[in-house]
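Paired with subunit B in one complex and with subunit C in the other, subunit A is shared by the two complexes that follow.
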Partner chain A sequence: MSSFSRSAQQWATFARSWFLIDARMQPPGKIATMCAIRLQGKHKPIYHAMSDCGDHIVVMNTKQIAFSGNKWEQKVYSSHSGYPGGFKQLTAAQLHHKDPKAIVKLSVYGMLPRNLHRHTMMQRLHIFPDDELPDDILANLTEELPQPREIPKQLSEFTQEEIDAFPRLWTPPEYYKMK
Partner chain B sequence: MAARSMLRSVWTSFAGLKLGATGSNVIFQQGTNVPQLSAITIQSRGLRQVVEKQEGKTTIVEGHILNTPEAPEPPNPAAKCPIYRWNLQHKYNYTDVLLLSQFIRPDGGLLPRRITGLCLEEHRKIAICVQMAHRAGLLPDHKPEPPANQINKKPKQQLNRYLTRWSIDSVKPIYKTGLKWCKRRMAVGSPLLKNNVCYGVKHMNIKH
Partner chain C sequence: MVFLSLSCWIRSRGPDRYWKVQDIVKNAKHFRGRKNRCYKLAVKAVRRAFVYATKGRRLKKRNMRTLWISRIAAASREHGMKYPVLMHNLTKTSVQLNRRVISDLAITEPRSFLSLAKVARARQQEGFRAALGDGKEPVGVFSRVVLLQ
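Right, the complex of A and B next:
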């Protein structure tokens, strides 16, 4: 802000902030794009690839991530250990069961630029499967980012007034017996 | 079983349904027009109300035909299908549970088309939206009763999902996705809802 002193303005521009994202019921790809943009520093007008202006991101509740479509069964994560016979293919569901942090980590890793800065940026990404965060990270957080996907309401979460306000579209015929 | 289905039919959301306390019997005067409010209702389809009266040793079970509360006028009353009558043709999705719940049974199944009066394409769209809503977990109270499950298998992994087109057990993993020009895409949503109104700039992507 222009009302700050020069040193305060300098500090505010170049400080490394900590962002929090709640991944509950969110698609991991959308979470990963938000993370990748902020880890590189592309959300800042002072961005330059060599100026190390990326921020820290904390992702929580990755255990409750939601894939669209049938990706839990169809999407396959492959890896090769380098040894003969070391080719492993796991579906997203199997990988998530084995390690709930892996899907988000792999998505962000694939979205970062393929250079030597990638590992430093991954070190600034902190993923937690539940919503329990360690105290030192909690103390550093500055902003929570809004969730990319709107979580739909379950039928049991609607109040009776909202249910009554919705008009009935059709009346059943007199002879019909509801089972 | 019958009692359970009666309780279920009582519980389905029909307007004008009144539930009384079960158990205690109230004695009425014979022959007078008894107000329905103080009566005990055992079974109600919303159109008929069964009232039980106890006079000494005799029990009288009567069915009173209720006046259905006047539904507000639909904007297009001339159309045959209820969705066209309310001008909701291309405007609903799997998230509109209040709309979808009007066409399903208490155990989650869809009502027949000849009863609801839907046209064929809308019936199919509602069917696929209901399927997607079930798989997304938006209709938690409309699950079918498990058939006398003695051996409770280990609980399945509860994974959050949405816009699932195919049933979970029927899908195989895509081990070889192929190159960009011949990629095997993963299906999301349904092509039946392709004509839905889209207020954003990007169109709906069905092949991920």
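Right, the complex of A and C next:
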């Protein structure tokens, strides 16, 4: 790349990339931090707030997002319509049912700096609840980012041989009733 | 008739008013409205501008340092390291490059920055070995502090 001309080198340095993140079984907060860093351009050594060096991020499978703990029931998203009596509170589960894109969108919106670039950066964030991406976005993608959380293997995914090979920790007595 | 005292009646009230006014108004030429022309308004605006410039000179040093730090952090994360780890290990190996130079290296000399990251990583591993090991192994190459005289 050092053999490029100066203008070509600069064009390549400041080019905008398109990143893909699969949010299947991932905590939305961790997805949102990765998105926010790359939307601002803070992952580049040429970062400057005025340089408009952010990249595009495509998040897919947001329908299968996984909150840890009891957040689906306990986390409350509040909003006010501006009219009296317009205070609305929705749990994360209700909001996700109503709009599967909203949780990731609100998390990223809250993690971006509170300045006039925020809306431009949100326009560069593309969220899809499913696997299907439109063709023009598929054509632009350059890199897929690794998932922040390792998806633990479900019991149904283990083969019978692996289950048998697992060491027995204790033998239950005869009167013990297993679920 | 000869007027012997006429010259005493002519008073010169300061021959350089024009230049004193220009000294101040020339600093306001890029302002908006009448304060780029009229002395009374320009004086207040220019004083305010100078106060902001003084405060800005101190803020510039802080802002530049935070910019260098965020750039170094971004570049070190590209190489799988975090900023505090990198800087701490570089100071432990007595690499006395300041943040301005390291951020410029990260932008224009990526391979030199990679070598700095490798030095820091090696020193970090030596630190782990010294802390977790027996103490009978010799300290590594990067842990030997060289005292230059």
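The definition used in the following text is that the second predicted complex is superposed on the first by the 162 of 179 C-alpha atoms of A that agree within 3 Å, B and C clash if a C-alpha of one lies under 4 Å from a C-alpha of the other, contacts with A are read in each partner's own complex, and residues count from 1 in each chain.
Just so it is clear, a contact is a pair of C-beta atoms (placed from the backbone, for glycine too) under 8 Å apart; a residue touches a chain by one contact, two chains touch by 3 or more.
As the structure is a computational prediction, the values presented were derived from the model and not from experiment.
Once the two complexes are overlaid through subunit A, subunit B and subunit C fit side by side, free of any clash as defined at the top of the document. Applying the stated contact rule after C-alpha superposition, one finds that A:His126 touches neither subunit B nor subunit C. Once the two complexes are overlaid on the shared chain, A:His117 sits clear of subunit B and of subunit C alike. Of the two partner chains placed by the overlay, only subunit B lies in contact with A:Leu155; subunit C stays clear of it. Contact with subunit B, but none with subunit C, is seen for A:Pro167 once the two complexes are overlaid on the shared chain.
Once the two complexes are overlaid on the shared chain, A:Thr91 sits against subunit B while remaining clear of subunit C. Between the C-alpha centres of subunit B and subunit C, as viewed from that of subunit A, the superposed structures give an angle of 130°, to the nearest 10.
Counting the residues of subunit A that each partner touches, subunit B and subunit C differ, and the larger count belongs to B.
By the touch criterion defined above, A:Pro45 lies against subunit C but remains apart from subunit B after alignment on the C-alpha atoms of chain A. Minimum Cα separation between subunit B and subunit C in the superposed model: 12 Å. In the superposition on chain A, no subunit A position is in contact with subunit B in one complex as well as with subunit C in the other. Within the complex, the subunit A residues that touch subunit C are 42-48.
The touching residues of subunit B, when paired with subunit A in their complex, are 5, 9, 12-13, 15, 45-47, 68, 71-72, 74, 82-83, 85-86, 94-95, 97-99, 101-102, 105, 115-117, 136-142, 157, 159-166, 168, 171-175, 177, 186-189, 208.
Within the complex formed with subunit B, the subunit A residues making contact are 25, 64-76, 89, 91, 93, 96-97, 152-156, 158, 162-164, 166-174, 176-179.
Residues of subunit C touching subunit A in their complex: 67, 70-75, 77-78, 103, 106-107.
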